[in-house]
Amino acid sequence: MFFVLMGVWMILNNSLAIEIWLTGGVVSLFLAILLCSNCSVFQGVNLTPKAMLYTIMYILVFLLELVKSNLHIAKLVLTPSLPINPGVIRAKTILKSRMARLILANSITLTPGTFTIDFIDDTLYIHCVDLEGEDLEAYANSIIRKFEKYLEVIYD
Amino acid sequence: MIYLILLLVFGLIMIIMAFTAIHHKNLQVAVIASGIISLLASVVYVFLAAPDVAITEASIGSALTVVIFFYVLNKIRRSNDQE
Amino acid sequence: MIRNSFLILLLAGLGWILFQEFDSFKGSDQLNPVAEYYATQGPQEVGAANLVTSVVVTYRGLDTLGEVTILFLTAAIVGLLFKRESNSETEDIYGTSEILLTAGKILVPMLILVGVYIFINGHLTPGGGFQGGAVLASAFVLAALTFSGTTVKHRVLEIVESFSGISFVLLGILGVVLAGGFLDNKIFSLGTFGHLFSAGAIPIIYSLVGLKVGSELSNIVLVMKSSEKGGDHD
Amino acid sequence: MDYLALIGSVLTLIGTIFMFLAALGLLRMPDVYNRIQAGTKASTLGSVLTLLGIGLIQPDWLLKIGLLIIFILLSNPVSSHVLGRAAHHKKVPMSPKTVLDHLTEDQTSTKN
Amino acid sequence: MINTLLSVSLLFIALSFILIIIRFLIGTTVADRIIALDVLTVSSIGMLVILARMFDRVIYLDVAVVYGILSFIGVIVMAKYMEKSL
Amino acid sequence: MINFNSLNIETVSMGIGVILFVLGVWGIVSQKNIIKIIISFTIVDTSIHLILVSIGYIRGKSAPIIDAAINKENAANEVVDPLPQALVLTAIVIGLGITALMLSYALRMYKENKSLDINKFKALKW
């Protein structure tokens, strides 16, 4: 937590002078001690080389999905007849780490035609613009597994 | 020239929002409209070369004012519910 | 009916007067003498890159002190008005969603950090005590919204507020003793222009103003949020 | 000719076109949930692309812009999620095209 | 060249502002209006960054940082008010 | 009436401020609901700030913060007037305090009278 705050402070100041190091250190240390109950959010990250590799792959997959989702939305909006059939489906996740769950939910919100409405225990409720096919379970799994297989390596 | 067009658009939107804020029956919509007025006013401050004022307006006008308005609306609704 | 037509007449008159003023407004292309003095002499005299900060803290420092006092009075009156409230249980029907909880845990320290950045760098970049205080207050709002169980102790806010107020006034008096006048910032050396520890006492004064404004605004907002715990227990 | 700046400005233009599409989607979609979908996704990618474009034009601003992008990616989906959840709890009606709704089914089944 | 492209981008943002305001005016429920406010804030972050480039001052980015971090709070307060759990 | 060529940034923003001021005053005098009156008051607040800042603006000049983009010796020819900005800065914060005060009084009045209509507040009528 201390290092994250320190990094944000250095980026904000955009300089490497000694006084900025000093002030940033004091402020981040104070915040890290004061709000230590929040530290648990940042725990559970694997720092092995494999996890690093998966992080990069995850970011690439995520960016690809983001662009795809926007092209999808653009196509949808520009079609005169609005070919949608929306619905809410449920999907189960196996992730336990809270940070991983947050990233999963955010990713789902930003990917093609889906967004997370509710998160109860282990079940995600996903609103889809365009429900495809009959096999809902398989569809829900295909949405989730795309990201889960990277996240479960990065976070344990 | 482009700045002028943008400012005219902003002025139009702000005036429409002021009308909405004064005349809409739903109080929540009126509060949101006044929040939009503050938001656009702070962009206008950036045009007028006043970033200090823009930060103040963005953080106070469009965040904290809206928050306290909604708190008061919440209290009014709750004391209505108790009847 | 008579009242309405009277109102319309009044407004038409007001609008006409304002329009006359607006029509004769030309806009200048030159600074007036006071502003020119601030722009040319300000950097040498005060050492702050942000001219607005030098005006707020040094040239018009007494105004700032008075303004902070007004805010303190406002916070006190709002607290007083909400003190005698009937107790009402807040029922959280659906609870906070887990996503918001996690995001809040990340975002609250970030918000406080950004607030601190804004008011410590008040003499170099836009921002300063008032803006940083507002950002701090919104961090407290976010904390109160997401972790509904935790409440910030009013005692802590009061202590922070009185401490920063007293040190603000003490710094001002120190200016009288050591330098030219009340709230003069030359009690420390001016330092190199454009660095963090420059401009004499301005960073310290603005940090104190930021802490004071932040605690006052969060006091107002938190009192308005939860009247059942709003009044102090002592 | 500075190619980096040119690429940056084209990226900015594409980003603003996405923002425009977000507004259009906001206008055309039939109910709240679909509007949230269109608004959130397109405006997030639009602003990210715009910021990246400006960062390519002025490479020394890139760090701060990266921080801004992280803030947007973190906070925007969360706010849309909270809004969608509130709308669903408030039972804002879905459009008649809606096929099925597992969440309402589950809530009613646990209540009974 | 670059300035022309950026001006066209600003025009697109202004157009999207107008569309969002139309949605705000006809929006049938309060949730529609809140999502309009959300999209408006995000669009104005983009606009502020473009303006910072056009005025050529790095300090205007700080305004955008404050926007980006505070756009979140108003929406959450409104949503919590809507679901009656404020 | 209005010459289109004379439009520039400060006149347009001042015009916006004037129109918002008139609209806000109209809202204050014509509305019955006390929350609506307070909202109109905030609109008037914003409009006055807009007018003040646009008085201080000088065409073609930049923000009054001296960094790498501004020549330090030649600052007087490159920056706008910092004084109205400093004034407005404090005025906005005071505006929030005043709004909070008015809202808390409105809430007390609502608790007393069970109504938001100002015609029902008879305590000061004679």
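Should a chain be cited, it is by its letter among A, B, C, D, E and F, assigned in written order, with residues numbered from 1 in that chain.
Throughout what follows, a contact is a pair of C-beta atoms (placed from the backbone, for glycine too) under 8 Å apart; a residue touches a chain by one contact, two chains touch by 3 or more.
Computed from a predicted structure; not experimentally measured.
Any chain that touches subunit A and also touches subunit F is listed here: C. Chain centres here are C-alpha means, and the one lying farthest from subunit A is F.
Subunit A and subunit B have CA centres that are 31 Å apart.
Distance between chain centres (mean CA atoms), subunit D to subunit E: 11 Å.
One simple way to say how far apart two chains are is to compare their mean CA positions; for subunit B and subunit D this gives 22 Å. In subunit E, the residues that touch at least two other chains are 10, 17, 34, 55, 58-60, 62-63, 65-66, 69-70, 72-73, 76-78, 80, 83-84, 86. Among the residues of subunit A, those in touch with two or more other chains are 8, 12, 102, 105-106, 116, 118.
For subunit F, residues that reach two or more other chains under the stated contact definition are 8, 10, 15, 26, 30, 56-57, 62-65, 67, 85, 89, 92-93, 96, 100, 103-104, 107. Listed by label, the pairs of touching chains are A-C, A-D, B-C, B-E, B-F, C-D, C-E, C-F, D-E, E-F. Across the complex, subunit A is touched by residues 97-99, 102-103, 105-106, 108-110, 112-114, 116-117, 120-121, 195-197 of subunit C. Per the touch definition, subunit A reaches subunit C in the complex via residues 1, 5, 8-9, 12-13, 17, 19-20, 23, 27-28, 31-32, 35, 38, 41, 98-99, 101-102, 105-106, 116, 118-119. Per the touch definition, subunit C reaches subunit F in the complex via residues 7, 10-11, 14-15, 18-19, 21-22, 25, 27-32, 34-36, 38-40, 43, 49-52, 54-56, 60, 63-64, 67, 70-71, 74-75, 77-78, 81-82, 124-126, 128, 130, 134, 193-194, 213, 217, 220, 224.
Against subunit C, the residues of subunit D that register as touching in their complex are 71, 74-75, 78, 81-82, 85, 89. Those residues of subunit E lying in contact with subunit C across their complex are 59-60, 62-63, 65-66, 69-70, 72-73, 76-77, 80, 83-86.
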